[in-house]
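You will see two complexes here that share subunit A, one where it goes with subunit B and one where it goes with subunit C.
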Partner chain A sequence: MTISDLYTIMPIVITAGAALFVLLCGPMLLSASLTAIGVTASAAAGLWAALGTPASTQAVSGLCFTPLARFLIPVFCFAAAVTLLLSHSYNERRGIKGEEFPATVLFALFALCVLPCATNMLILFLALESVSFAFYILVSMDLNRAESGEAGLKYLLMGAVAAAFTAFGFALLFTGSGTLQLSGALARPDNRAIISAGWGVILVGMAFKLSLVPGHLWTPDVYQGAPAPVSAFLSTSSKVAAAALLLILLALFPPMPELRVPLAALSVLSMVLGNLAALLQQNIKRMLAYSSVAHMGYLSLALLSGSRDGYAAVLLYGAVYTAMNLAAFGAISSLSIDEERELVTDYAGLGFTAPLRGGVLALAMISLAGIPPTAGFIGKFFIFYSAIKGGSIALAIIGILSAAASAYFYLRVVAQLYMHRSQAPAPRAVSLAEGLALCLASAMILVIGVYPGPLLKAIDTALQ
Partner chain B sequence: MFDLVWLIPLCPLIGSVINGLLGKKIKNETVIGGIAAGSVFASFMVACGILFQLLSLPGEERVIQKTIFTWIQSGTFKADIGFLIDPLSATMLMIVTGIGFLIHLYSIGYMHGEEGFYRYFCYLNLFTFSMLCLVSGNNLLLMFIGWEGVGLCSYLLIGYYFHKKSAGDAGKKAFVMNRVGDFGFLLGLFTLFYYLGTNHNVWTINFVELAKNADLLVPGAVVTTVCLCFFLGATGKSAQIPLYTWLPDAMEGPTPVSALIHAATMVTAGVYMIARMNFIFIKSPTALLVIACVGAATALFAATIGTAQNDIKRVLAYSTVSQLGYMFLAMGVGAFTAGVFHLMTHAFFKACLFLGSGSVIHGMHHALHHEHSEADPQDMRNMGGLRKKMPVTFWTFLFATIAIAGIPGLAGFFSKDEILWQAFANPHHHAVNYVLWGAGAIAAGLTAFYMFRLVFMTFFGQTRLSEKAFHHLHESPWVITVPLVCLAFLSIFGGYVGVPKVLSEFFTGGAFPNYFEHWLEPVFAYSTHYTEAHGAHGLHSVAMEWGLMGVSVLIACGGIALAFALYIVAPGFPEKFTSTFPALHRAVYNKWYVDEIYDFAFVNPCKALGNFLWKGFDVLVVDGIVNGVAAVVRGFSGILRYVQTGFVHNYAFTMVFGVALIVAVYIFR
Partner chain C sequence: MNQLPLLSILTFTPLIGAILLLFVNKNSHGVLRTIAMAVTVVTFVLSLPLITGYNAPGSDIGGFQYLENIPWIAAGPFQMSYHLGIDGISLWLVILTTFIMPIAVLSTYTAVEEKVKEYMICLLLLEVGMIGTFISLDLFLFYIFWEIMLIPMYFMIGIWGGKNRIYAAVKFFIYTAVGSLLMLVALIVLYFKAGGGDFSILRFYQLHLDPTTQMWMFLAFALAFAIKVPMFPLHTWLPDAHTEAPTAGSVILAAVMLKCGTYGYVRFAMPLFPEANAQFTPLIATLSVIGIIYASLVAMVQQDVKKLVAYSSVAHLGFVMLGVYALNQQGVTGGMLQMLNHGVSTGALFLIVGFIYERRHTRLITDFGGLAKQMPVFATMFMIVTFSSIGLPGTNGFVGEFLVLLGSFESNLRWYAIIATSGVILSAVYMLWMFQRVMFGELKNPKNQTLKDLNAREVAIMLPLIFLIFFLGIYPRPIIDSMAPSIDKMIAQTKVQKQVAEAAVPAVPALPPGHMAVPEAGAAPAGMPAGHPAMPEAGAAPAGMPAGHPAIPANNEAK
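Up next, the complex of A and B:
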């Protein structure tokens, strides 16, 4: 390993170093400075990755700064930075103290940075599970609320089952291909049965991570129980990571016909059931959880197409979804008082009393509903475009229809914000960090919506 | 001037942003209204400049594209932020900015003192921006952005009076119905793009490129599908059967909004879209037939409902649906010019009617307010005799009514008559032409009837207001009456740009040609040639045209006479009629129960399914089944007992079930 090798994996080094530093020196520092360190480290890692050039050789055994990593690491870093910014005042209000929180976020980020760099299945699996591990802790971080602990436990138990499936799937892929390396290992035709069995089992593991029906049942409980900033991070990064894992594997073992039927079923079920179940939810976090189910259904629709267009749509949607959910959960987190505002009706009139946060929440909802000129529209447009181009016309029609129906429950939030009088207790003033985080997320939504050119170009290079 | 086209949508956007961000601090209504109206006026000036420059060019050079930047480029997909300037879009730009400006001006007076004054103008400007994007964009995606944008603004403005629950519901209904239509639009876009791309390697959504490659579109199932998908989009936005029910409910919004969005501009977007893509629609006789039939049916159906409504704005709303039906009828019979012409004249007189009704409501509201009456200021049964108190409103309203009724000499006559003639004489649907014409002619009679019923009930006869309230009734201020006068002027004279050939030859010996047809000729040239090249010939009979014109005028006069007889001469008769045929009256009054049918067929099942999936499926079925299984498992071993939550293993079980299913698929497929 040379110095230049080290440079290429610098984002990983930065995040790991920052995580350890925060954990070790945390007790001696103010919590504000810990957050500042975390945000700085995430920003630095993200910028480094975005400005770096992808390497063709491994930096260390099992890690290589791939073009995909160059695209995904900044997305993850953005999510982590926004989460840290949001969590500072949220944690103060909720009495979540100590250095564990920022350190765990940074550990999660570290694992997330490793994931797209992995060049063998073992690292890939370890990275994925480390991400989950960090999230188990983060979800149950709020010790004052029983739901938080319950959500953490549920997530852990379910995650363990999913991890078992994923590990088993990797083992089958290894058996079938004879190598753990992710480069050049092509499925041997005589082992096709083993490989497709491996795929099937991995798919179930990923259905859990992506909350695809029928692996979705944990989602509402966990989103509801977890602290809002954690839900923001969890609903974005862990999903994008799982989608990235599928992309990496798909690049290696080209899409097989066996994969189509189950993936199509998962996708349709998630789109339809997710949107329908969200239709009548009164709790905003549960509503967003079901919406997340539906959105991951759209995402797998693009995966299904098996074409370059489809994979580009997946990456685009990953970035778009990150921005949208960070904005939505960010606004929820920032609007919380002593308790979180749980019901949709708790947000009545907040568009007038808290214009910035109300506006961001409304923007996030409009974007989630896929209305132009927001990022959500561009993302959905490309997903359905790639699906139709890939020939899944029936699925695309179901998708577009269910997306059309979904406008109903997203707009209910907008209607509460702007078309009702405020009965809820007045929100506190927005803190600087929260304001920055919300502005960043909504700027992302608008910029991708109005001028997606640069992002599409970046995705194009990431897929090489 | 063409280089400045980007200013047209940009000005209202800037106005919207200023009012949205700073409006709360500005507070001064004149400044807020001035910014909003001024920005639209600036766009209007630019649009005028473009119109004149376009007029100075020879006909065949009147298609100009201005690309600002490449918006999306990914693989074979490319979309620009770019503008298309041609006679069609120039006409639309003039209508949207011109009428838009008048309505902004009117709104300053109408919305005076309303809570959230700045918010109203922010939305209204945002709407204007979206609408201008829709009509000036040079590709389908940009049009779609505007298409969704106007839907969103319409939603926000319908729900503007949010203290009324019905307003919020109406907004939601409008939005969801529009989304169903948008789904069709998007599907049409994808299918068209994909079809041209894979079969002919032409990957484009640019209108000019599409028109150039129109020959590649071979008539057949695919083209028909594309057309019908787009038409589904149009039925949503333009309130046609089956997606029209949102428009009458949309009257919950402020009246200027009804005039701008739900009469003059947004609802005509569907007509514009078909006109813009006429070269595709002309390839599919099936789609044309569907459009013509839906248009004619809507024109007739909505007109029947209009005859029994008592809310002044609801009558106008059904009238709008009905008039939009005429425009689609024109599109469906290939008379694109006539359709766009009616779009324009309708924008004049319907905006005038809505603003007039707004002036009436405004006056009624103040009069009723004075005596603390709870009576509905929009109910015509509370009005009567208003012409003495509101002369300007009355006269402008009367002229617009004569125009819409189709009395010769005013704008509505020229456009409506052209459509009826084309419905009769067009070369596309020989078999059903008589039916189409008949439906249109009957609807014209009904239109004359319900419009004059409205006028008689509102402005004539003895007032049904109390003496005190009637005393307090007064004419609206100048910001309200000036736009009324302008629009009434246009309703009277706006039709003379498109005088039918037979009339012009008879009265002026052809010295006064049909300017409008000539102006739009290049836009529809392809369709005209295509029709001729395929040997389809319409009916050409001057005598017939005169005859039909006479019939339709007679029908209109009959409608007016009937209204006069029933509401002036024998005012007691309508009640006698309704008590004789109570079932018929109830059905018409309740809009043929279409809303109830939709609720029963679509809304309630969806809600029930959602409820089932949430409460039933997730909680009962999954947990129930799983609990049963889990109980058995628990009986076998105590291992699972440490899980105290009682739910987690159920969740895990669902996943195991999933694995089993997937494995089963592999084994048994």
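Up next, the complex of A and C:
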């Protein structure tokens, strides 16, 4: 290992260092400065990754700055920075004190940065589980609300089961291929059965992580119970990480014929049930949770195509979904007063009394519904494009119809924001950090929606 | 040819206006209204050079002009372009849009007192979407503009609408969104059938797809457009949307947005899938005729003036569809003219309903009666517009409806035309009956005795529309002339399969479309002139046929 090798994995070093620094020096510093350190570290790590060039050799054993990492790390860092910006004033209002919060976010970011760099199945697994570990803590961070603790416990139990499945799957893949190395591991044809079994078990684990039906049961409770900024981070980064893990594995062990049927079933069930369940929700966070089930269904539709276009669509959708959900949960977090506004009807009239946050929430909803000129449309377009190219026209039509139905519940929020009289208590003024975070997220939504060219190019290089 | 990207400037002037409005204080209503008005007037003025510049000597007569083509999204195999251009068909729809917008803005001066800023922004964004829809030559770009129209309209209905506004807004949105999403699937399939490359409509025109693919894709496109038109039985969103929308919203919805549906047929669904189109012609013609009759009958029994006008819209668009599906020169020209006419006269009707609603806050026919005595200017204008909507000779409605009926009579849609003619009578019944009940009789209701006549602003709104009603009714030639070459191209494209089969047929024959043509073609008088007023090479037409009145001599000949 040389210094130049270290440079390539600098984002990991930065985030790890920042997490430790915040944890150790936290008691001596103001909480505002801790947040500032966290945001700076995330931004620095993201920029470093975005501007760096992918390395062909391992920096340390098990880690290599791959083209995929170059694309994903900035996405993760963006999510973490926005989360930190949002959480500062939210935590003050909710009485969540201490340096643990920014430190845990940074620790999660560190694990997220490791994940796409992994060249070894063990590192991959450890990274994934570290991410989950950080989220178990973050979800139950709000000690004043019983739901938060309940959500944490639920997530922990479900997550542990999922982790067991994933670990078992990795073990089977190891048995089948004879190596833990991700670079050289090629399935020997005679071991196809074992590899397929491994894939099946991993798929179960990932269905939990991605909250695909029937592994979605934890999602509404956890989203509802977790503090809103945490929901923002959880619903974006942990999903993208799980999708990235599947991408990495698919690139090496491509047993697509066997995977097709289960993946198609997961995808259709998630799209249809997710959207149908979301139609019935009165609580906005539960609604977004079911919507996230549906969106992960779209994402697995693209995975199903098994083509380069499909994988590109997955990465694109990951980035797009990150921007959309950060904006949505960000607005929810920022519009909260002493308590969060839980019901959709609590948002009545806020489009006019809080124009920025109402506008961001409306934009996020329109984007989630997949209406141009927002990022959501571009993301959906490429998903369905790759699905149709891969020959699953029937699935694509099911997906599109369920997406059309989903417009109803997204628009219900917009209707509340703009078309009902306000009964809700007036929102407080937006803080600078929140405003910045919301503007960043909505700028992403609009820029990707109008001019996705550069992002598509970046994805193209990431898939090499 | 033209260095200035006029179409882009046209499309994005309203967007710049909308951004400008963001920075104006929301309480200074006067400033907001003036800026919105100025922006729409500037857009209208900018669109005028298109009329004179189109088909300039040396250009591709009847083809797409003012082309702009910039690669927009290019990733991997993917190519989407920012590809704009207009032909004779879209030219007039763009002009209609830019013409209606200042009128719509002016009509809101007293109608909208709350949230003026947001309202004006919605109006301007809507204009961006509508102009963009008409000028996009890239299907992907078209789809984006097509969807962009939805959001501002959704807000306009939902925020400034009547009692049931949210229901109407959501219904409007869901109906339109479902249709267009299926179109999106078809669009992607079409793209693959074309074998990669870009989404340019000009390239897709060259494709020869197998009949089964054509059928499914035609169905997807046709469904999306049929919802927008709206055709029976998909029209149910329209009365709700129209009734609940604020006046300017109704005007724009009727005058321009419904045209996006018929335009979609003319530009996309028909020429892209000629064989499927021929196959489904009877179905669409049947639905159009049912639409005409059914909507007229329903209009007759309406208590609410606005609902009545909304149903009359459905009937009028039935005529447009019938004319377009006649697929001969008269029919398509009539259909196109009828789109413009409907824009002008139904727009005017909604404005009139708006005037009266602002004064009385009711739209029930029974609440009125005898208004003519109290409001003579209003009565005169209402009368003219009513006549235009019925299609009285001398007004614009006559030319369009007549050409439609003539064209479809000459095609193999003869029986449809005969049945549709009763729609003309029905329209006279419901419009005149409504007019009589509202305007004549005794001025009984005391509230109506204090009504004020139209003020100067309201007269100024109506005058341009009334001018157009007569202009299009008496001298539609310039418009027909500039549309004719493009319509020829569209017909040739839609009949392309047939032409390949009968390679000997010169120019564009006035034969009925599709394969069912053969038996009836003999029945139709051979060499029936295609009403080609503008085409010098239409040798079959009697020389000296006055192009300004294609209808009248053609009528003589039919006898």
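In this section, the second predicted complex is superposed on the first by the 463 of 464 C-alpha atoms of A that agree within 3 Å, B and C clash if a C-alpha of one lies under 4 Å from a C-alpha of the other, contacts with A are read in each partner's own complex, and residues count from 1 in each chain.
Assume a residue touches a chain if its C-beta (ideal position, glycine included) is under 8 Å from a C-beta of that chain, and two chains touch if they have at least 3 such contacts.
Note that the coordinates shown come from a computational prediction; the quantities given were computed from them, not determined experimentally.
Peer 1: Which holds for A:L203: it touches subunit B only (first), subunit C only (second), both, or neither?
Peer 2: Touch status of A:L203: first partner only.
Peer 1: Under the stated touch criterion, which partner chain does A:G17 make contact with: subunit B (first), subunit C (second), both, or neither?
Peer 2: So A:G17 meets neither subunit B nor subunit C here.
Peer 1: With the two structures laid over each other on chain A, which partner does A:P54 touch: subunit B (first), subunit C (second), both, or neither?
Peer 2: neither
Peer 1: Between subunit B and subunit C, point out the one touching more subunit A residues.
Peer 2: Partner touching more subunit A residues in the overlay: B.
Peer 1: After lining up the shared chain so the two structures overlap, which partner does A:P372 touch, if you call subunit B first and subunit C second: first, second, both or neither?
Peer 2: A:P372: touches subunit B and subunit C.
Peer 1: Contacts for A:G435 in the overlay, against subunit B (first) and subunit C (second): which applies, first, second, both or neither?
Peer 2: Neither: A:G435 stays clear of subunit B and subunit C.
Peer 1: Examine A:W218 and indicate which partner it touches, taking first as subunit B and second as subunit C; both and neither are also allowed.
Peer 2: first
Peer 1: For subunit A, give the residues common to its interface with subunit B and its interface with subunit C.
Peer 2: Shared contact residues on subunit A (touching subunit B in one complex, subunit C in the other): 308-309, 312, 366, 371-373, 377, 381, 384-385, 388-389, 396-397, 400-401, 404, 407-408, 411-412, 415, 418-420, 451-453, 456-457, 459-460.
Peer 1: Which positions of subunit A touch subunit B when the two form their complex?
Peer 2: Per the stated touch rule, the residues are 150, 153-154, 157-158, 161-162, 165, 196-197, 200-201, 203-204, 207-208, 214-215, 217-218, 221, 258, 261-262, 273, 276-281, 308-309, 312, 366, 371-373, 377-378, 381-382, 384-385, 388-389, 396-397, 400-401, 404-405, 407-408, 411-412, 415, 418-421, 451-453, 456-457, 459-460.
Peer 1: Give every residue of subunit A touching subunit C within the complex, in rising order.
Peer 2: 308-309, 312, 352, 366, 371-373, 377, 381, 384-385, 388-389, 393, 396-397, 400-401, 403-404, 407-408, 411-412, 414-415, 418-420, 451-453, 456-457, 459-460
Peer 1: Name, in rising order, each residue of subunit C that touches subunit A in their complex.
Peer 2: Checking each residue of subunit C against subunit A gives 72-78, 115, 118, 143-144, 147-148, 150-151, 154-155, 158-159, 165-166, 169-170, 173-174, 177-178, 181-182, 184-185, 188-189, 192.
Peer 1: Flag every residue of subunit B that touches subunit A in the complex, lowest number first.
Peer 2: The contact residues of subunit B facing subunit A are 70-75, 77, 141, 144-145, 148-149, 152, 155-156, 159, 162-163, 167-168, 171-172, 175-176, 179-180, 182-183, 186-187, 190-191, 193-194, 197, 606-607, 609-611, 613-614, 617-618, 622, 643, 645, 647-652, 654-659, 662-663, 665-666, 669.
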